[in-house]
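Look at the two complexes coming up: chain A is in both, with chain B in one and chain C in the other.
Here is the complex of A and B:
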């Protein structure tokens, strides 16, 4: 596939059509491309995606060629980057942030023979777009249980990124699990409107601590909230987000939600190599191994640790669902009846707080 | 004494800390621009200062040396800018943007292996009982030395620009470099010094992010603070005290909106988040509605290269 120049898009389309035919019968070599929303060194979200990518390289060796670009802003820039990747001979493009959703579908329409995979999205406008996600809310429930048991001020905090279903789901799961073990608990939500801005994340954590919050969960990508919590000298605890963030063990980081993307990437690229690739919509959680719960440290009392581990194992076994009725919406209207569990559709489009959470979701 | 669940004393004390990086960087950039040079590489110099300061502080164990290291790293990067624009007469806008990209890349490379390390702590200046005075104590006497340093720099730069010969020469170079040259001043050398000063200030601002505000190293840690510093310089119409107001306004609103949210206030955060930018636009409209270009206070030679043979 050595092309010196591509003068017309027609020639390009032909070239891609040719490679597309080969794809149906499996391929000898796959060029897999990844776009990251932050830098690999963020120690969180993007770092974990890159770990997955390195696992791909290790598994397939020289049968796969990897290309990635860091810190691609969500929006028009992402479209340019993905177009360049598709033009550059990528067979499969992984876009690893929610905000790439419209761009990936736009680019996918132009390159029908390139496979596109979108993390945490739900739009599959074209046959070559697949989506994959992880049930992070399962991990949030474990965090919420620990938060409810550990808080002394009965105020727990959540540093939210953007008002999208995944984040709202996290807040609700966190709060519900905390309230279950500690009915007096209140949650304060701070919207940072960024995935990655360490200084702002630290400021958000500081604002929460000033309001008396002593357990902080974050939905942003860096370790800054933990660094801020560490300044409190053990009074404030937090959780590793996306990555284990083990450098803040045993406190403030008392446990973590670890995103484990490697197996999924290996499966999808493997399918492309052997010709079994098909459009998909994957949403696995603790059970599927996409969400791991990091070690619960000794800063948590043994009985709370045991309770949290039991919840984790219950979710993994499918006997516990973090959203089990009766649950009302914030305005008091009924959402789930007694014993009913939340349908995936409700979760993926979640745009409401559950009863007890104060404040409004920014629109 | 709470307003909407927020203690104003804590808020002011916090915003003073939050604003230090943008204040230092904006002060440096104001001096650079007053000399007639537009250096858009503030973000790059800040982040190189952040990692330079972090590495120095971790290696030596001294946060003070860390800040010096940050200033040095920022100055070194700005020296590249000075070489390209003052010696090779490269376009300042393009060079400045390249500097930012270069700084981001180099800092990421230099920062390999420094993720997850805690830097030595920068303690508060011990004022003894003064720090316990209600209201005034936390605001005036509860900070680390860099906060006071940044305030002292505002006064110093204001005084130097207004009342000293050096300041007059710097302004002359920025307003009309041909005239300054005809008077026998070495335009490019003066600008070189201004650029190095701006780089050092930006580097120190960056070091404050990685050593005090966040305290840790993460790729891309400054996350756009350099661009805000550039906006503040324009907002301040190139005057040091207005830079202080601008920095506290930008920093203050960012802290205020987070605090309002944490306190459960019903004020929509979007409006607060965009407020500083709206005010900047308003200020620009107001000051530029006056007597032509001079009314904005922009140095007349801003962004123009100088070559003596012209």
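Here is the complex of A and C:
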């Protein structure tokens, strides 16, 4: 599998110089350790990471020993848990939440022989720290297309978690894809300021439905928005988030974005086993198999389904980029010129809405 | 037949035996729980209570016990003052968060100035923040006779919203590429609260906790104010006849517990946590309530209780990672501790009598 990698050349050179000989030999057995920010039973983010971990166990069998710790608070506790893991003989530690960023770099400094992998972060202060993320915005574009086609009120909604680039990027991708197929569409954004809080998410969904929104995408992890949509008697649809949320098929859940971490975990641990491991910053999407689009149900008309699948396949083939110019920023200033695609740097630091999205990003 | 009979005087024996019995009962019931989950109960209990102090990695974990126990002890001492007087501050978690925000705000406002006065100013800001947050339920209680339990508890959720706003808005790191979280205060010498001896886990928060424990013990046992606090808790009417002003006591106890919780937040945000994040509050303020009762509301007992509680956290993590126990099982285990504590505590004021048909069998405990 060929992946798009953004290797920091200096850090890579350093990493190779420091560990090149040792790594080239590979290992007979790897102890891989994971820290989770929530309980496995959250049904979303952590659940999907754990699915990936189980895929690792299945692939490598007794060549890999797995340890994990659920519900590790971001902060001093994370540093202790990771230190314990490193002391306990873990060869590679995966920290699966953004908030572990400073702690993972602090622990990595003390254990240069242990590999550290940080999900959704950007700090790689040491040669043994790698970062990985998934291009969820690609899935948002597929949702946006379906939203634009399916809405009858021309009002679509987005339950946002926190005003960080990841979420802003999702809102923009969702809106742009919807507007492309339905120029009259408007997007309403509700900020829930949580990743997982079924009560708050349900309130956000209610607020959107009261405004006349009939398609809801969410960036929070629970099934509460779908449960609210289900009460509308088929008038409101939504999407599975992080996991498939198949229990709400065929409607209101018409499709889903599934986080699929297994391939990445297998690749990295496999590289450690065969001695090809190197520091990396990986951001794969539909193409790399990290973002899966769940089954599009019969609630979506066949031609819309075909259109959405064509978009998905185009993104996978690299012929379509959800952010392709001309695109202006919300204030009307130019961002991307005709035919230009968004540089990754712009996306990773995205702090503006595109033209047409109303409201402000909370500061 | 079991029958409860009120003791004429609280039993001194059970006053001190309660925590020990509660810990033992927790070990037994927890062991049964772990056994039912297919784990070796002796191994789990050993991992939780023995390994962090004497095990293979004790050199690291002993320090971590101190890191974990410090804020618990500091908050619990403040709470104990109020609890002794019958003033129930349940919102220490909120005061802890607001203290951390105020301290961080001062430190960040001074950034990148280097001055040795910044850290003391942050200490004052932290204590002030916690105090001010606790004054809200205190004033509402004294002026409008509201229930301080509800108001202080509800203000925790307000504080959690404010800290999320701080992390994503007004205290956000301007060089953080738009991600939530403040600058890391522990990486700047002027605002850092580092370990005082490398590897010891002891930072200024731990020192403050121990000093406060001694001060609180002196206050309660030697000072007239301590006497008034105890009197108000045991006999409110007598206290009033004795010239104790209940409103003044509410303001003092709420203020003191708020300030100590704020200090704990300050030492945490400058040290182990390092930065204001969305989920800065990790429950120290609530756990400290258990610690306060486990320590019999006695400052020196609280120090011991803080370490036992820290042990269940650090050891619990070890059991979770090394033995594959789910996180929820560890939480149940910690909950059992409070449950048994409150249950056994009854024996301080009551005795159990076994009553067979007609005659009273001497089965008094």
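Here, the second predicted complex is superposed on the first by the 338 of 363 C-alpha atoms of A that agree within 3 Å, B and C clash if a C-alpha of one lies under 4 Å from a C-alpha of the other, contacts with A are read in each partner's own complex, and residues count from 1 in each chain.
By our rule, a residue touches a chain if its C-beta (ideal position, glycine included) is under 8 Å from a C-beta of that chain, and two chains touch if they have at least 3 such contacts.
Small disclaimer: the values here were computed from a predicted structure and weren't measured.
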{"item": "Chain B versus chain C as contact partner of A:163, first or second or both or neither", "value": "second"}
{"item": "Partner chain in contact with A:98 - chain B first, chain C second, else both or neither", "value": "second"}
{"item": "First, second, both or neither for A:208, with chain B first and chain C second", "value": "first"}
{"item": "Partner chain in contact with A:39 - chain B first, chain C second, else both or neither", "value": "both"}
{"item": "Touching partner for A:293 - first (chain B), second (chain C), both, neither", "value": "neither"}
{"item": "Chain B versus chain C as contact partner of A:71, first or second or both or neither", "value": "both"}
{"item": "First, second, both or neither for A:223, with chain B first and chain C second", "value": "first"}
{"item": "First, second, both or neither for A:88, with chain B first and chain C second", "value": "second"}
{"item": "Contacts of A:362 with chain B and chain C, given as first, second, both or neither", "value": "both"}
{"item": "Footprint overlap on chain A, where chain B in one structure and chain C in the other make contact", "value": "39-40, 70-71, 193-194, 362"}
{"item": "Chain B - residues contacting chain A, complex", "value": "5, 7, 10, 14, 18, 21, 108, 111-112, 115-118, 209, 213-216, 218-225, 254-255, 258-259, 261-264, 266, 268-270, 273"}
{"item": "Touch list for chain A against partner chain B, complex", "value": "38-43, 70-71, 157, 188-194, 196-200, 202-204, 206-208, 210-211, 213, 222-224, 227-228, 230-231, 245, 247, 358-360, 362"}
{"item": "Chain A residues touching chain C - in the complex, by the definition given at the top", "value": "33, 39-40, 67-71, 73-77, 79-81, 83-85, 87-88, 98-99, 102, 122, 162-165, 168, 193-194, 348-351, 362-363"}
{"item": "In the complex, chain C residues that touch chain A", "value": "57, 60-61, 64, 67, 161, 164-165, 168-169, 177-181, 184, 268, 271-275, 277-280, 282, 313-314, 317-318, 320-322, 324, 326-328"}
